[in-house]
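Each in structure tokens, the structures are laid out below.
Here subunit A shows up in two complexes: once beside subunit B, once beside subunit C.
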Partner chain A sequence: MASAASSAPSRRLSSNSGVRLRRLIDALATGVLWIMAASIICLLATFIMYLFYLGFHSLSWQFLTSAPTQSAGGGIGPEIYNSFYILVLTLIFTVPISLGAGIYLQEYARPGLFRSVVQFSAESLATVPSIVMGLFGLLIFVFYFHWGFTALGGALTLTLLNLPALVRVTQEALASVPDSLREASIGLGATKWQTIMRTVLPSAIGRLTTGIVLIAGRIFGETAALIFTAGLSVSANHPYELNPFRSAETLAIHLWYTHSESVIPDVDRVGNGSALVLLIMVLAFNIAARLAGSALTKRFTGRSS
Partner chain B sequence: MIDVSPGSVDIREKLNAIHLNVFYGSFQAIKDASLKMAAKTVTALIGPSGCGKSTFLRALNRMHDLTPGARVEGEVTLDGQDIYAPDADPVVIRHRIGMVFQRPNPFPKTIYENVAYGPKIHGERDKATLDATVERSLRQAALWDEVKDRLNRSALDLSGGQQQRMCIARVLAVEPEVILMDEPASALDPIATSKIEDLIGELKKEFSVVIVTHSMQQAARISEYTAFFHLGEIIEFGTTTNIFTRPREKKTEDYITGRFG
Partner chain C sequence: MSDVPKTDNRSHRQGIGEATQVVASLWFSVGKETLSVISLQAAKSHRNERIAVNVLRGAAVFVIFAIAVLIVYLAFEGTKTFSVDKFPVWKFLFSSDYDPGNNLGGSAVFITGTLLVTGFAIVVGGPFGIAVGVFLSEVAPARMAQILKPAIELLVGIPSVVYGWLGLTLLVPFLRTHTSSPSGFGLAAAGIVLSIMILPTVISLSEDAFRSLPVSLREGSMALGSTRWQMITGVLLPSASSGLTVALILGIARAIGEALAVQMVIGNSSQFPRGIFAPTASLTTEIVIDMGGAPQGSFQEHVLFSMALLLLLIAMALILLVRFALRGRG
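Let's turn to the complex of A and B:
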């Protein structure tokens, strides 16, 4: 066969039927994959536009800043405040612990039983559904500690819920730093800790920040874990309190509550407005994650990522 | 096998490996290797890929401490003191025995911060002293004129050859006594390579240099002494002239004449 081909007087360069079929399949595959990728953009765009259409006329300064009422005309000011309050509180707990655990697992722990157990625990914890975590928070913080519904209980529940993901973010950010940089630092006589503080963390800061802000977006929109822990109400007298031992309904909870339980007459206005504000906030977190990540990478490494 | 008889190789050694064995798990990568490395000269380690020359080099400043599963037996002495002694501190050892790696590995920081990194981790805070150290090190590495106007630019923007010379400057900044180089020019083009070689010629006036190279021409050009490695053993050691013109071992001759490798 080979000899037949080589003895042929001239081999044509134009395609034959076999090649044409393969090219057709290639073109089809490209097209199908493009459509799948594009459908993600369409889905997001449709979703955003629909929410804007429904919720845009609810938006006003008054809506964003005033407290909810029993009658028509209530706002979502305290809910926005509570969402940020619980977010910040959660990050204060989550970030140091997950940084510490992630650094230990990635930089210090030698492969072995302890590391495997910690890794397995973190991954198992990550699969616990948020409603289960919410009920756990109810048992521990609300009943056992007798706190009742509190912002602190909600934040601690969210900490449990998001720790595994943040540990993973930390580990992946550190793993992305090439070993050659660690060798360079150690080779100059740096200790492990100096190497981590001066080389590994600065090189990983962009990815770390991106990961943290993305998880912040998730915390901001979390509902199930908060219903039974942070509660469904805001204080009528002191809606903008700093005290963590008080019930704190967040924006996402308010959205759920308005649509499912509330008896106010303007449910649609408040609900759609809340949904739109929530969406904008979460989108803002995503955009901020990218901007902050590349800005910090540039700041700490003198180069865009 | 190693000729340490008086007369043939008379060495005032700076660094001395004595019956060194290196294991990765159950695999023995270095077998009973002994080698004297002289002060203020260049010692080249040559041999085919996988012969253990880089493994040997990394045992000389305890870089294997970082590798899980790696184990070193035997002694390496620096001015007569064993760097594997229980009270020997790897941080101090690596301060005195610096290392330049195969691929340039600049920190993703400015050129200045790269070179000042070593002095800073060893506690230098004074800005004027740091400035002087950075300039001295970059001059020593023959890079100062090329980078003096952009010390605050990212080191990643330098060319590969400049990056490697900056990595050498970074090592010089901590004022080591010995510089280990692991195929420092293998990722570089011929012009950058010859600059590195010229630089090594300058460095040996002040430092003891041990260099791994896969290029026999390079070993011949820059080193005073050469050790030939094969399958984890040092087959032959001698003056570079002798190794390349009158090898005593059949394997050495086969290798340098290109019969294997």
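Let's turn to the complex of A and C:
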């Protein structure tokens, strides 16, 4: 009895100091987490400001529009053109296939062997490193089809690389559409396909667009898959060609290539300018993805965001 | 006389009968027509339905086809080192004698390089990413999350060459002046660049892992009097472990496959690194540098394809690991 009575206050005292200690640790840990999160924003801000600081002086109308040269003073005009050219070509292949596969997986396929095989294939395709995909493109389009380095080969390689991401975007966008919409449409006598085309896709169009534009940004900056498929050169005589069967060095590859292999004297100027243009394009794609996504959602569903 | 009204009557009845018949037949024929129009439309939309399903299924089959052809083709091309050139597999994996001109394809240096830079990236970027994931899920007020999330998306969007360029112009000069490294290029530079590149992957996946935990876990922990930090370390971290494992594995997958950003800062010297700041090379950087100059059908080309096959096998193994980790969660 006596010992219990004497130990009770001391236990309370120790647990009080324990609480104080635990609260101190909690506050410290919370502070550290805040600092870590803030450092990510600082890191990004540093990158952006540094790239602007480096590249700002390189930017000029002449730099953006003229062709690269062996001597100093070359521009990046054809590279910017090729980046957009390959981007558009890639999207022409990627969007229909991945929309189709995504719609099939989300709306039609019943759980079973076929669906899990497709899902697993998409996941596997998503983890193939981009350089390995580039070598596969080299085997198929350059060696097997004997196309040489072509914009088309590069675009098809990028299609394989980005297909799984867009299938996933499609599936997630469709999954976000409430089932009540589908039930209402089927209840009015529409077939499944009519339901998908007139009810489900319009409701999902905002999310789909956001996903597609973000992936477009990734395609714009892709390099490793293009080195051995689209090549490292631009045509000297016809830099702005529409023909897909020609080698097409993109801006991202140009940034790597000027630094690592070529011998032009003003590597830093061209590199800094190219890096800044790439960064600005990525910012533009990100902002465009948000704006277009929310505008389309509002237009087609009347809901905001 | 009496016949007349009868006949009249009869004809009248007949008339009514004819009229009914006409109306009926008219109604019937119109009805048949609308019915046939409806059934025609139905048939058409059923046909559309069938076509749509088949086209969509075709797109899904294409995904299977693509990965199958890729695996078969790379397996065929990547094993030529061993089948055509008779170079032993164990030497490819464990020997560091790399001189493809003299039929020596020991790739141990590059395999080690890949493992070291990836290990560096995951040791630095992994805990950091998980911490920020916890922050986003448990600590961050809505306004902070609104700033942080777009920032993370932008970090994903920055192309890998731009990371390489940042490493080249910002990190390498820094390491050159502040460490023992004479050039600044090397393992540490590549590891730091990679750990920044895998951050977004680890952050968003670990945030998802924490968010998917039931609220009851947090309520139970709080009700027992624990602080938020005790709840995070004692309850949430163990419960989210399979999701966090997936986050780390996919971070590793991203780091292993990265080529150009690493190539720009690793120093590209085909020897084992003599320290954390020393230059070395990895599987991806060696492919980037040598593939362009390797003649088609040469031993060197075969060895490079074997390296690509090895990368593919590692990626596949990681995907299976992810599946395994998720199955553990039930």
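Simple rule for what comes next: the second predicted complex is superposed on the first by the 272 of 305 C-alpha atoms of A that agree within 3 Å, B and C clash if a C-alpha of one lies under 4 Å from a C-alpha of the other, contacts with A are read in each partner's own complex, and residues count from 1 in each chain.
Here, a contact is a pair of C-beta atoms (placed from the backbone, for glycine too) under 8 Å apart; a residue touches a chain by one contact, two chains touch by 3 or more.
Every value quoted in this text rests on a predicted model; they were computed, and no experiment measured them.
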Partner chain(s) touched by A:S71 [first = subunit B, second = subunit C, both, neither]: neither
First (subunit B), second (subunit C), both or neither touched by A:W256: second
Which superposed partner A:S203 touches (first subunit B, second subunit C, both, neither): first
Contacts of A:T191 with subunit B and subunit C, given as first, second, both or neither: both
Superposed model, subunit A: greater residue contact from subunit B or subunit C: C
Partner chain(s) touched by A:N16 [first = subunit B, second = subunit C, both, neither]: neither
Contacts of A:N286 with subunit B and subunit C, given as first, second, both or neither: second
Subunit A residues contacted in one complex by subunit B, in the other by subunit C: 191, 194
For the subunit A and subunit C complex, residues of the former touching the latter: 22-23, 25-26, 29-30, 32-34, 36-37, 40-41, 43-44, 47, 50-51, 54, 96-101, 103-105, 108-109, 114, 117-118, 120-125, 127-133, 135-136, 138-140, 143, 160, 163-164, 167, 191-194, 196, 214, 217-218, 220-224, 227-228, 232, 252-253, 255-256, 259-260, 271-272, 275, 278-279, 282-283, 285-286
Residue ranges of subunit B touching subunit A (in the complex, touch as defined): 61, 63, 66, 68, 91-95, 98-99, 101, 103, 105-110, 117-118, 120-122, 152-157, 167, 170-171, 174
Residue numbers on subunit A that touch subunit B, as the complex places them: 110-111, 178, 180-191, 194, 198-199, 202-203, 300-303
Touch list for subunit C against partner subunit A, complex: 45-46, 48-49, 52-53, 55-64, 66-70, 73-74, 77, 128, 131-132, 134-136, 139-140, 144, 147-148, 150-155, 157-162, 164-166, 168-170, 196, 199, 203, 226-230, 232, 253, 256-260, 263-264, 284, 287-288, 291-292, 296, 304-305, 308, 311-312, 315-316, 318-319, 322-323
